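Notes follow the structure.
Should a chain be cited, it is by its letter among A, B and C, assigned in written order, with residues numbered from 1 in that chain.
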Amino acid sequence: MAWTWFHRLASPPHVYALAARLTPWFAWPAALLIAAGLWGGLVLAPPDYQQGDGFRILYVHAPSAWMSLMVYTTMAIAAAVGLIWRMKVAHAVAASCAPIGASFTFAALVTGALWGEPMWGTYWEWDPRMTSELVLLFLYLGYMGLRAGIEDTQRADRASALLAVVGVVNVPIIHYSVTWWNSLHQAPSVMRIGKPSMPAAMLAPLLLMLLGFTLLFVALLLVRLRGEVLARERAASWIREVVSG
Amino acid sequence: MPVEQLEVENLHLWRGERHVLRGLRFALARGACLEVCGANGSGKTTLLRTLCGLIYPEEGRVLWNGEDVQRDLRAFHAALAYLGHEPPLKADLTARENLHYWIGVRRRLGEEELSRALARVGASSWCGRRVRTLSAGQRRRVALAGLALLHVPLWLLDEPTTNLDGEGRELVGTLLSEQLGRGGMVIAAVHQGLPASVSPVTRLELAA
Amino acid sequence: MSSTGSPVTPLVAMVDSARLGGPHGLAEAMQPASALEAARLALLRDLQLAFRKRGQLLQPLAFFVMVALLFPLAVSPEPARLRELAPAVLWIGALLASLLALEFLFRDDAYDGTLEQYALSGQSLTSLMFAKTLAHWLLTGVPLALMAPVVAMSLGVVAAPALAGIVLAVGVGTVPLSLIGSIGAALTLGIKRSGTLLSLLTLPLSLPALIFGARATQLAIHGAPLLAPLELLGALAVLGITLAPIAAAAAVRISLE
């Protein structure tokens, strides 16, 4: 009995309808939370004693970086589910995650660079976090490139799923090796903001943004997922009913 | 009651958007031969590869001795031999070396036995030449020698008589008859029918 | 043809069919090959094939030397400068040469149907993939490791212990490179002109090996003990040996579907 919801999730028409119903429940709260977080972070929070107002880009940078990793993990889990239980919908979820995750990664890199320039005089300084983030972008691009390179959808699904699983196992190893490398060549890595010592007024908007970005991801995922399902199932009979009805 | 060795239940398979196998079902007993015919693109190769377990069907099962082959694919593979369109030979090895590796990976093979098998298919004079220099028909003969050497109950053959002359086709007929006589089974995808010497034969027609 | 009337396992069926006669009779007992024997044959076959096409073997080495040549030309021939660059040159060269050689790992086998036969052999595809990757390392990584000190000498490194350290570092470091590469090569099977995609997939995953290997090389050149990065390289190699063949086998099966 407990598994019926799992099996229903495997049915494309069900997922298509479910995604449509759920999207507004994620999209609106996401918009509200992000608005509140931006207001709190850009306007209300006091300036940092070291960096003045320049630190505020943290409110976009940190959630983007966090999401880039979370989306990759989600993608890998969906991919594993698709591989093991051969669920087409799981593969559709993984495929939908990739561009969203890559965008978050790109946003994290750009905001990181924009932050660095006025603060430390250089757009890019090879600190472990940013370097790992850049490698993560390439992992996303590799995933999307592999998908694009294989014509047969089913084979593309399974090959890229395996790549995602291999990638997720490697991410901690890569991060460790980059941190190790960095510790050899310069002083302790540049900490963007001392997390534990952040006053509540600074921290609260950050948490709001984090939550908002998470909900935003789910909303975007649901929208993309509907598109994926539609494209994959275009020959199926239920599509005709949905489109005409 | 004869023990049915290979059974196929309600096989459904899609390739992209094409519904290639639509609820296929049959059973094959020992000593039986199934001839799969159909036009190009009707799914003969796909069917053979699904029976091998290389392709996973969306619905349905393949049963070997009553057990779903997916439970223990390796044991099933140990009991079958599959020959695709092209003979599985490395161009830069000799015929003899190819068989040594191909069969050796699966079972212990003596030099004597290998020589006999090559002689059987008429390869003795050219089995020391690299496969690159052999004709398509000669390569096919080497593949047949390998097939006979494997000693497995189930043969899955994709157009086994391609590129063979009349004598070659007779050889295929003899090999298949021997396999059936031993209690083995053959499933062969063909364009123009198997040699007449092979019997009894059940035909399965695949519609495109 | 009468049947035995009882359910038979595949192995018994094979023995039965021998008993039932046929031109081969009982003289050749059907002994299935052990996993070790199968892996040994797979390894030997790839080695024998590589020696039949010796020219192809030399290409990655030639590429390695070529890349090493580019750096002095592009930077400066000053020995001190070159010695500083040597770890980078050696490792980037080895990495790119290794990538080039990956093409040969599965491509031919996929085209002529022998990879399929491996998947259908009833043997563990994982151990066969390990055997092939081992062959690849013996044919690529080891020659690169032996060539590296020669290239290093051209870059101003002369101390014997330094050169020995370089052989060790490149030798151990190319193990994870071959292993990770085998996964990428298996995933991109059948994709036309997959060279760039293969690099895109393999390079990020090879970064740890590059980092530890380059550091080990750097320490070797400066005469410092290189145990720490070498141990990390070794750990990568062991992790790779355990996991990569499994992933490569899965990728091969996916490509055969």
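The rule is short, and it goes like this: contacts are C-beta pairs under 8 Å (C-beta built on N, C-alpha and C of every residue); 3 or more make two chains touch, one makes a residue touch a chain.
Here the structure is a predicted model, which is why all the values come from computation and not from measurement.
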Shared interface partners, meaning chains that touch subunit A and subunit B: C
Dominant interface by contact count, named by its two chains: B-C
Distance between chain centroids, defined by C-alpha means - subunit A, subunit B (Å): 48
Whole-Å gap separating subunit A and subunit C, where each centre is the average of the chain's CA atoms: 33
Multi-partner residues of subunit C (each touching 2 or more other chains): 257
Shared-contact residues (touching 2 or more other chains) in subunit B: 56
Per-residue multi-chain contacts in subunit A, two or more chains: 154
Footprint of subunit A on subunit C - complex, ascending: 183, 187-188, 190-191, 194, 197, 200-201, 203-205, 207-208, 211-212, 215, 232, 236, 239, 243, 247, 250-251, 254-255, 257
Of all residues in subunit B, those that touch subunit C in their complex: 1-3, 5, 29-31, 52, 54-56, 64-66, 74-80, 82, 84, 86-93, 97, 101-102, 104-108, 110, 113, 120, 151-153, 178, 180-184
Residue ranges of subunit C in contact with subunit B within the complex: 1, 3-11, 13-14, 16-18, 20-24, 28, 30-33, 37-38, 41-42, 44-45, 48-49, 52-53, 108, 112-114, 116-124, 128, 253, 256-257
Subunit A residues within the subunit B interface of the complex: 86, 152-154, 234-235
Interface residues, subunit B side, partner subunit A - complex: 15-17, 56
